[in-house]
Amino acid sequence: MGIVQILFWFLTALALVSALMVLLSKNPVFSVLWLIAVFFAISGHYILLNAQFLAIVNMIVYAGAIMVLFLFVIMLMNLNKETEPQKNIWMKIAGAVSGGCLLMVLISLVKQANEMTGKTALMKDGNIGLIGNLGKALFSDFVVPFEISSVLFLSAMVGAVVIGKK
Amino acid sequence: MTLLALDWFLLIEKLVLIAVIIFASLGIALYTTFAERKVAAILQDRPGPNRAGSFGLLQPLADGLKLITKEEIIPNSANKALFILGPGLAMTAALMTCAVVPWGNKVEMFGRSIALQIADINIGILYVFGVVSMGVYGVMIGGWASNNKFSLMAALRGASQAISYELAMGLSLIALLMLTGSLSLRKIVEQQMMDGHFWNIAYQPLGFLIFFICAMAECNRTPFDLPEAENELNFGYHQEYSSMKLGFYLFSEYINMFISSTIMATMFFGGYDVPFFNEAAHADLGNWLAVIGIVSLLFKVIIFIFVFMWIRWTIPRFRYDQLMNLGWKKMIPLALANMVITGAVILWLQK
Amino acid sequence: MPIQYYIFLALALFTIGIVGVLTRRNAIIIFMCVELMLNATNLLLVAFSKMHHGLAYASDKASLVGIDGQLFVFFIMVVAAAEVSVGLAIIVMMYRNTHSVDINFLNRLKN
Amino acid sequence: MNNLIFLVPLLPLIGFLINGLGRKSLSKQVIAIIGSGSILGSFILSVLLFLQVKSTGTTIVANYFNFIEVGNLTIPFAFQIDQLSSLFLLIITGIGFLIHVYSASYMHDEENQHYGRYFAYLNLFVFSMLLLVMGANYVIMFIGWEGVGLCSYLLIGFWFKNDSYNYAAKKAFIMNRIGDLGFLLAVFYLINKLGTVTYVDVFANVSKLSSQDITIITALLFVGAMGKSAQLPLYTWLPDAMAGPTPVSALIHAATMVTAGIYMIARSNILYTMAPGTQGFIAVVGLVTALFAATIALKQNDIKKVLAYSTVSQLGYMFLGLGVGAYTGAVFHVMTHAFFKALLFLGAGSVIHAMHHEQDIRKMGGLKKFMPITNITFLLGCLAIAGVPPFSGFFSKDEILAAAFEKNPILYYLGVAGALMTTFYMFRLYAMTFLGKFRGTHDQEHHLHESPSAITFPLIVLAILATVGGFIGIPEVFARESHWLEHYLSPIFAGSTALVEAHAVNHSQELLMMGVVTALVLVTIVFAWNKFSKYEATATEETGLGKVLANKWYVDELYDAVIVNPLNAFSGFLKNVIEKSVIDGAVSGVGRLVNYSSRQLRLVQSGQVGGYILMMVLSMIVVILLWINDATIIRFISKIF
Amino acid sequence: MQALTTRAQQVERKPLSFLESIYLWNIFKGMAITFKHMFKKQPTVHYPEVKREFSPVFRGLHVLNRDAEGRENCTACGLCAVACPAEAITMEAAERLEGEENLYREEKYAAKYEINMLRCIFCGLCEEACPKDAIYLSETFAPSDYSRKGFIYGKENLLIPNPVTHPTEYAAAKGNRI
């Protein structure tokens, strides 16, 4: 087991445990922090896949900006364990069971998909994850979506301000 | 990422490097606290601390000792885990930044060529931003976990300040990155060292100014020290902290200052480049070249730290609305304008 | 690594997101679970992009096959950020009106 | 020229849009200019088209787009310009233009907004009528057919603040609807049998139809014509339609709309020629209508009512002509009738205008000296309608009567009787209005004056036309090959004439008949003139037949008793019993059932987003399970447990 | 509103001009000012090593004097207590017994003499009032203690060392007086 494998399994375990803890934490602030841990784990996976740019963008955008917003909101609303609304236990069980069924069905689906067997993801080689290549592709082939997404951002910003000002 | 290859010598080398850099950072931060007091005294026509050791040089140790031996108080209603996590996060985030800074040229040692940089990654400066954005969590978590309204307010104040100024900071750097065409800090330094190239400050004075101001805000230095305004705003996010946890917060701030000075020196002032000295022509100096480089970098850093302090002891703090106005209405448009102008000039020169 | 590992990991994360949406009542947590699901897909996209790239890489080292997958991830992040800004604004509005973030109060669909 | 055809109906449509939308902002002058100008444009184009058709003699079919395309059925939006339609175009646009000019002055007292509305309706009417005439198939014709119905409703109820006018408008609309149903059924029948409604195709494939089919189609079409052209028993709307402004009466109820039925039958002449049964029926209905309406007209005192019944009567003559196969005669009469009836209506309008909306002829008299132009033109119109040679009515009516004589002398004699009655009531009307001494109030007398030139100009033009219009159809008796109209229309009726063997009445007999009829007419004129020029208002009640006639044979009452009241009672029964208990019961029962089951189902709709998402996830699972191979999934699941 | 005094001035609140709103120029001016101070002479006296000269009329802690033979001058007349505006001085008198002549100069002496240093305002009136030169204010200052009680100085704190037995301490305590 090389260092890549070790890191892979470590990050996978971290991601899954943290993701579960997002659900299981009673306190929303802990949920946010666990979710940040998930994002870190996923960023780690990106680094393993040599998608450096995405790794760091994931960190800046998700962990650095989006989750800060979540924290802001939660802290300003003063949400904590006591005020956390809880679902009735049967609903929780139903949700968990149906989710588990979905996972099982999906996994069986993937297991029997012949296209996916024997394929591997290239780990640390390959330069497509580097910022130079991504930038070239982004500003040549994907420049229109890029501009449109900037417009989307602007409108989202305006929307957020308008909603928030009411 | 060479880090992941199972090259044990490399691993040891990097570990040693990490240890050295971390301890150096801590030491420098330690003495920055001392310098702060000394500079304040000098600017105010006072001698400053001079009791512990000659010229008070042992003062930081005494301070540290005092912080460590003080009683640790964790408020009853505080969230214990997060209360401890907060300063730890702040410290970690502060220290993690040094990973991508090139401290000097390569040194030849034990038959290996060792780069004085923990990791020369493709996305160097982005990494710095990523880590800096993590720094917000230390403040927020600490402020929230204290379970104190004033701490929470200060934490939110600090977080929104950090986020606001991070934007302008990034934008101001984009203009510079257009010039360099690379995100790797080492590449940026090497470009500045080349013949016929001036330091980037010559090309990007406005960008540097914006970056400098934003760095000051990121470090919560006066005039942007709203998050920790002691008497005026009922202390800051660390109001409930005492002892070493408070020390961590204060320390992380000084480390931040040190690191941001380093980044500024690297990005705009040639890093370990010695002015008017052609390194390439003096290859015979061997490892001493690296030492000269490190000294040069540290010298620049010290000047920056001094400027930080100088400003702190000159300027009163902004009001919060002024701070936000400055960030959003002045800095960001300026940075954008700088970006557009730089882009236009680059295009014009390239035809 | 075998691509299936990544698929399973992404599926597991995705399912955890779904279970979170199903079992929690806090609108913010549900929103976070949606983000989790988005991230699961992002991970899968990157893995697939590297899988396709790996096939092309064997013959051509400079090949850019699979780069679009990573760009999709980039756009997903953009959309997610926009979504979060608006979504959180909505949640804040909701909190102002109902003084709660419990989605069970949002049962206007009923009438 | 051919590519300008679409402009002919388009101009009035544009006029309609401008006037309709700008009725509040445009000045009256502009509205009048737009309204009349668009019609004038159409008229000029129509003249050009007419000249082209006249010189080349070809039929132009302009195909624009496919109006309906379902399965095998393709109904193009197409215009057909041939001899018949070009002639009608001339009548519609020409008289329409004159009436527009007339209206510009006549309606000048209206508010700006209503003035614009009036012209918009008028233009829309002309547009619909042009569509009706120009359409190359029955469906386009039907669009125009419905359009004129709509416009007549709108125009009759133009003064919508008066309830009785609205009632009249509704009556016209409903009567027309009854007829339209027949038309629509005929079109469906055609589509069913032939799969096409285009004239050319239909007439070419007539031989494929059995005689029964043709009879049914023609009968149904005739029902449509009965409604539109006010034939017995669907005529009662026309007299009531006098509620509208007088120019409207002139345009719709004299010159154009009511002739739509004639046009339609003339257009489908081949079908009718092949259905002798229907033709006989038409002849009888036409004759009965002619006599019936004439008798009513004898005793009417409302100037417009007299004219309205005379219109019904004249339409009856036209149908008589159609029924006896004198298609040319019928069309000829349409044309001359358009001239003199428009003239008479406009003259009546002029009188009414001068009398400040007094329509009772008993309160008029002696208007001759106040309104010389109106007097003369009205007199010319009366002479024309009475059939005094050489006025236009003489030629056209004579042609129809001659054809009727060929068919059956009884038809002829009755027709002559009707013509004499026509002469009598027209001169009664003339004498009571213009001769003698004024019987109105002093105030009215003070204000009596000749109408402005915008009113008299159309009168003069129409009077000239009514006088000389007959010369396009001089009978064979007087000069060989002199019947220009017959010659011109011969391509249209070629199919019919080929089917019916020509047996002309010999000339001496015809001349004798003409002489006798003319003499009788002149006698009647003298009689009526003398009788009514010295008319004095008496308070005596009409008795006997006079009362019956004055009350229009009690037809409206009869309809009320026979149709309306039972229908009302039946509707009441349906409404109160069937609707309430049966239909409402069923509907409410279904509603209650749905309500109940919804209330049970509503429990699923908790409004909780979580519940919905749970459902979503479960259905996803089900879909995937259905999609992937069952065997593998079972194997997989059994492996897990 | 009518101004109450003529001294009231309207504060001008103009919006900042562009240059001002950038802050930079004024910041540089301020920084130049602080930078100048780096080169100013420090007025600090490095106290324990360097002491500032007292003025001749400096009034420090009280001292109960002895004469050259080591006898207490005080006769417990109470004039100092009367003179004291802060009423900080109390005393109890006692008669000199046989064999105590070497201790007290007069036949009456202060058996107990207390000054509350927390009340004392160091005005020096006691010194003025004393007919025997028994009390005077020294150059010693800034006493420190852990409790308020410690600031009630008794004779043991106030008495000057005996010039006969402890001549050096006496000299030090006496300072440059007389």
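A, B, C, D and E are the chain letters, set down in written order, and residue numbers restart from 1 in every chain.
Just so we're on the same page, a residue touches a chain if its C-beta (ideal position, glycine included) is under 8 Å from a C-beta of that chain, and two chains touch if they have at least 3 such contacts.
Not measured: the values here are computed from a predicted model.
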Exercise for the section: Report the connected components of the chain contact network with chain A omitted. Expected result: B, E | C, D
Fill in the blank from the handout: Under the touch definition above, the chains in contact with both chain A and chain E are B
Practice task
Starting at chain C, find the fewest moves between touching chains needed to arrive at chain E.
Solution key: 3
Problem - Most centrally placed chain - per-chain CA mean versus overall CA mean - result: C
Fill in the blank from the handout: Of A-C and B-E, the pair joined by more C-beta contact pairs is A-C
Handout entry: Rounded Å distance, chain B centre to chain C centre (Cα mean)
Key = 33
Practice task
Quick one: report the Å distance separating chain D from chain E, using the average Cα coordinate of each chain.
Solution key: 128
Fill in the blank from the handout: Cα centroid separation, chain C vs chain D, in Å, comes to 70
Practice task
Express in whole angstrom the distance between the two chain centres, defined as the mean CA positions of chain A and chain D.
Solution key: 76
Practice task
Would you give the residues of chain A that are in contact with at least 2 other chains, written as numbers and ranges?
Solution key: 4, 50, 53, 57, 65, 87, 91, 94-95, 98-99, 102, 106, 111
Handout entry: Each pair of chains that touches, named by its two labels
Key = A-B, A-C, A-D, B-E, C-D
Fill in the blank from the handout: Within their complex, chain C touches chain D through residues 18, 21-22, 25, 103-104, 106-111
Exercise for the section: Note which residues of chain A are touching chain D in the complex, please. Expected result: 87, 91, 94-95, 98-99, 101-102, 104-106, 108-109, 111-112
Completion exercise
chain A residues touching chain B in their complex are 2-4, 7, 27, 29, 33, 36, 47-48, 50, 52-53, 56-57, 59-60, 63-65, 68, 71-72, 75-76, 124, 130-132
Problem - chain E partner contacts - residues on chain B that touch it in the complex - result: 42-47, 209, 310-311, 313-315, 326, 330
Problem - Residues of chain A touching chain C in the complex - result: 4-5, 8, 12, 15-16, 19-20, 22-23, 28, 31-32, 35, 38-39, 42, 45-46, 49-51, 53-54, 57-58, 61-62, 65-66, 69-70, 73-74, 77, 79, 83-87, 91-92, 94-96, 98-100, 102-103, 106-107, 110-111, 116-123, 125-129, 133-134, 137-138, 141-142, 145, 149, 152-153, 155-157, 159-161, 163-164, 166
